C-alpha cells in the first residue's frame, strides 16, 4: 500500500487528496523551507500552513481547525495533534536500523546472554553476566559493566559507560559519553581530622522502559538502595542525577540540570535547564520548574500545572511581582536622586566585569532589550 | 579472628554482645530496610536504632549516647562517629580488588614503568614514559598521555582521558569520562581584528594523594604554571576546574560547580553544587558555599565555618534578610493595591514560561509549597 | 636565522638588544617565575616588566609604552599587544606536531577519504564516507560517524564522539570527551496520554574554520535544519549548545554555559561561564554576558559593548542599582528594628543549609568579605 495511505492509517488521519492527483512518494520529513518533493511537513498555524503549501513538500500534516474544507493544493493528513503526528511519521519513515551483528573487535565475555538481532560496535567491551535484549544496539567503544541488564530495543550510543549494578528496561536510549551507575557523591567527615571517607556506594540504578538519556549526562547508583528513573523519562545533555533519586514517569529534564541525592520528582513533572534541586527535596506531580530555578534541600514544591521560577523556586506570579517590586523601588530611588549606595563588597564592579572577560576594550553604552 | 571482632578492633569500637549469642558472620553493609542476616547497619538516632534492631541485620554500629546500657537485641559496635565507622567498615568488608593484570588488548608503550599488581583494562592506551604505581587499576578504554605519573593504589575508571603533563598521587580515584589536563580556556583577543589566539596552555596538573574525581568532570592544566588539587579533595560529577586553580586539602565540591582560572580554595572548604566561582577569587579556609552561590572575579570570601549563600555570595543571615525584605515589600505593595508595574521587557512572561516548556496545556492554579 | 630574529619578524616587533650581547637561544615560553634561560616571557605593565627583567628569561615581549628608551638588561621585543604577541610566539615555538600516521588498531572504513600527513590514534573508529583533511589529527579512541567531513589541520582529541551529519572546517580543535551532533532535546507531548515522542533530530551540525571546543562539551545537531558555529568560535568545557543554535563568528563561551534550541548569538559576543540562554533568544553582536547571567526564552539582548548581568540579564548599571537598593532597604529594616519576616516556606533555613552540606559542626560567625 502506498506510503501516504499507510501513514494515514498509522496516524489515524483523514487523507484529503487534491482532485485527480496521484499519491506522492514519501521518503522522509523536513521543514517547509528545506522540503523536497518526497518529504512530509507539518503545520500548526495558518502561517506555517501557507509556508507548507508553498513548499516542495509532498504532503502536509495539519490540524483540523486549520485545514480548509475540501481540497488544498497538496495532499493533507488531517489530525488532532499535527506536531505529534509528524514525530510519529518521522519515526515510521526512519524505520528500524538493521542489526549489524557483533563487530569482531567487540569484547564480549563468554557468560553474556545475547538477544537476537543485536548490534555491538567496534571496541565495545561487555563484561561478565551482562544480558542484552533482542534488537539492542551497543555503539563503538561503549563499556557495559558486569551483570548489567539491557532490555529489548535499547540504543546505547558510542562510548557510553555503564557501571555494574545497572538495569535498563526496553527501548532505553543513552547518548554518547553518558555515564550510568557511577558512585554517588557520599562522604563522611571525621570530626577529629576533618578528612573524608567515602560512604559506601553499592546500590543499584534502574532505568525503566522508554527512558532517554542525553550526551555526557551522569546518573549515579544508589548508596545503599536504588536510584530509579521511571518509564518514559527524557533527560537532556550534561544533566546530573545524584544517588537515590527517584524520577517519576514521563518526566522531562532539560540540559545541565542537577538533582541532588534522595530527591523525588513526581510523575509528569517538567524540569527546565540549569535547574538545581537540593537533596531530599520533593517536586510534585505535574509541577513545572522554569529554567534556572532552584529547590532547596528538604523542600517540597507542589501544585499540578503550576509554573515555578527563581531561586528559591516560587510560583511564577510571585516571582514576577518580586521582580517588579525591586525594579520599581530601584527606579524610585533613582528619581528621588538618592545617592547610589556605595556598592557592597560583594557586588560586581564594572571593572571586575570587564576583567572577567577576555582582554579587550569595552564601550559602556546603554543596551537595548526587547 | 571473627569478622565482627576484627571490625571492633579496626573501628576502635566497644563490642556489646547479647548474652550467650554467637558472633554472627558479617559479609557486607546495608540499610536497615534491605539488610540481610550477614549485613552490618548503623544508627545515628533513636528512630534509626529501633529500625536497626527490628531489621535482619547481623549487628548495629551505634553512638554511645544512643546505645542502651548493657545488651540489646543484637550485637552492637559502640563508637563515637557511627556514620564514619560504617563507612570504614564498608571499605574493610569490600576488601581490595584483586589485580587482574594487563589485558592483551591494552596498548602500553615500551617505556612505561609498570608497578606491581597493576590492572589495565581492555583497549586502554598508555603512552610513552608513563609511570604506573603499585596496585593501580586502569579501566577499559582509558587513555593516559605521555609522561603521566600515577601513584600507588589509584583507580582510573573506564574511558577517562588524562592528557600528558598530569601527575596523580596515591589512591587517586577518577570516575568514568573525566578529563584531566585538557587545555585551559585562555585566549588573547587581537584588538584590531577582534579574533582570538590561544594563550599557551602548557602547564601541569597535580592531583595529590586521596583525591577523588567524579564522572565527566574536567580539570584543566595550568597555562604557564600549575593547577593543583591538594590531598583528600573530593569532587563530584560534571564539575569544571579551570587552569591554574589551587584547591586546598580536604575540600569537597559538589556536582556541576565551576571554578574559573587562578582561583584559590582554602583548606577544608565545603562547596555546594552548581556554585560559580569567578577567576582570581579566593575562598577562605573552612568556608561553606551553599549550592548555587556565586563568588565574583577577584573577590575574597572568608570566615571559617561561615555559610555563604546567593549570587553574589554573602553570609546566610544577610541572604535570608534580603529575601525576607523583598518578600515583605512585595506583599505590602499587593496589600496597598498598587498596580503591578508593567513587567519590564527583561522579565519572563507567563506565556514565555509556557512556551519554554513542551507543548501542553497549563492550568494556572496556586501552587503549594512546604 | 636566529630564532629571536625570526620571531621579531613574525610578530612585527622591534628587537632591542643590550649592547654587545649575543642573540640568545629561544626554545619556549614561560611565566617570569618559572622561566629558564631559553624562555621568552612577556610584560603588560611596569611590575610585570620588573619581574621579567629579574627572571632568567632569554628575552621579554613588552609594550612600547612600558619599554625603556634604548636598551634594558635583556633583549626586548617591542610590540603593540604583548599578550597576543606572546601567544603567537608560543604557537610558533611549539611548531606543528609531526604526523604519526594511522595506528594499526585504528578502524577506518575503506570508503574514507584520507588527506595527506594525517594522524589517527589507537582504537579510533572512522565510519564510512568520512573525509579527513590534510594534516588532521584524530586521537585515540575517537569515534567519527558516517559521512562526517573534517577539514584540514583539525585536531580531534582522544575519545571525542562525532555523530554522522557533522561537518568541521579547517583547524577545528575538539577536546577530549566532547560529543558533536547528538540528537537535540526535542519531544512532542501527547495531550491525551501525557507521554512523549521524540521530534525528529535529523539536521546537520556545522563547525566553521578555527572553532575550538572544550572537554566534555556537547553540541547537538539540528532538528530539521542545522546547528552552526561560525568561524573562530571558542567554547570552553562542559558547555551545552542545543539544536538549531546559530553562534556568530569569533564568539567566546566560557565553561558550563547552556544555549537552548534555536537561539542566535551575534558575532563577537562574549559569553561568561554558567550563563543560561533560553530557546529562540537573540544575543546581539558584541554583547557581553556576565557569568551566571540568564536570557529568557524569546528575549533579545542587544547593545554592542554593553555588559549584561543577572537573571534575567540586564545592563550592569541596572543590576548594580537593584542590588544596592535591596541591600539598603534590608539595612534600613534592620535599623528600624522591624521584626524579620517569618521566613517564607521557600527560603533556606540555617538548619537546612547545614544539612545541605556534609555532616559536620558549623560555627555561625560573621563572615568577612573583601
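A, B and C are the chain letters, set down in written order, and residue numbers restart from 1 in every chain.
Everything that follows uses one rule, which is that a contact is a pair of C-beta atoms (placed from the backbone, for glycine too) under 8 Å apart; a residue touches a chain by one contact, two chains touch by 3 or more.
These numbers were taken from a predicted model, which means no experiment stands behind them.
At the interface between chain A and chain B, two copies of one sequence, fewer than half of the residue numbers in use appear on both sides, so the contact is built from largely different positions. Overlaying the C-alpha trace of chain B on that of chain C calls for a turn of 120°, given as a multiple of 5.
Look at where the CA atoms of chain A average out and do the same for chain B: the two points lie 24 Å apart.
Annotation for chain B: residues touching 2 or more other chains are 83, 123, 141, 159, 177, 187-189, 191, 194, 196, 216, 238, 252, 256, 274, 278, 291, 297, 299, 312, 314, 323, 326-327, 329, 344-348, 353, 356, 358-361, 369-370. On the side of chain B, the complex with chain A involves touching residues 28-31, 33-34, 80-81, 83-84, 86-88, 90-91, 94, 105, 121-123, 139-141, 157-159, 175-177, 187-189, 191, 194, 196, 212, 214-216, 232, 234, 236-238, 250, 252, 254-256, 268, 273-274, 278-280, 291-292, 296-299, 312-314, 323, 326-327, 329-330, 333-334, 340-341, 343-348, 350, 353-354, 356-370. Chain contact summary for the complex, chain B toward chain C: residues 83, 107, 123, 125, 141, 143, 159, 161, 163, 177, 179, 182-183, 185, 187-191, 194-200, 202, 216, 218, 220, 224-225, 238, 240, 242, 252, 256, 258, 260, 270, 272, 274, 276, 278, 287-288, 290-291, 294, 297, 299-309, 311-312, 314-329, 344-348, 352-353, 355-356, 358-361, 369-370.
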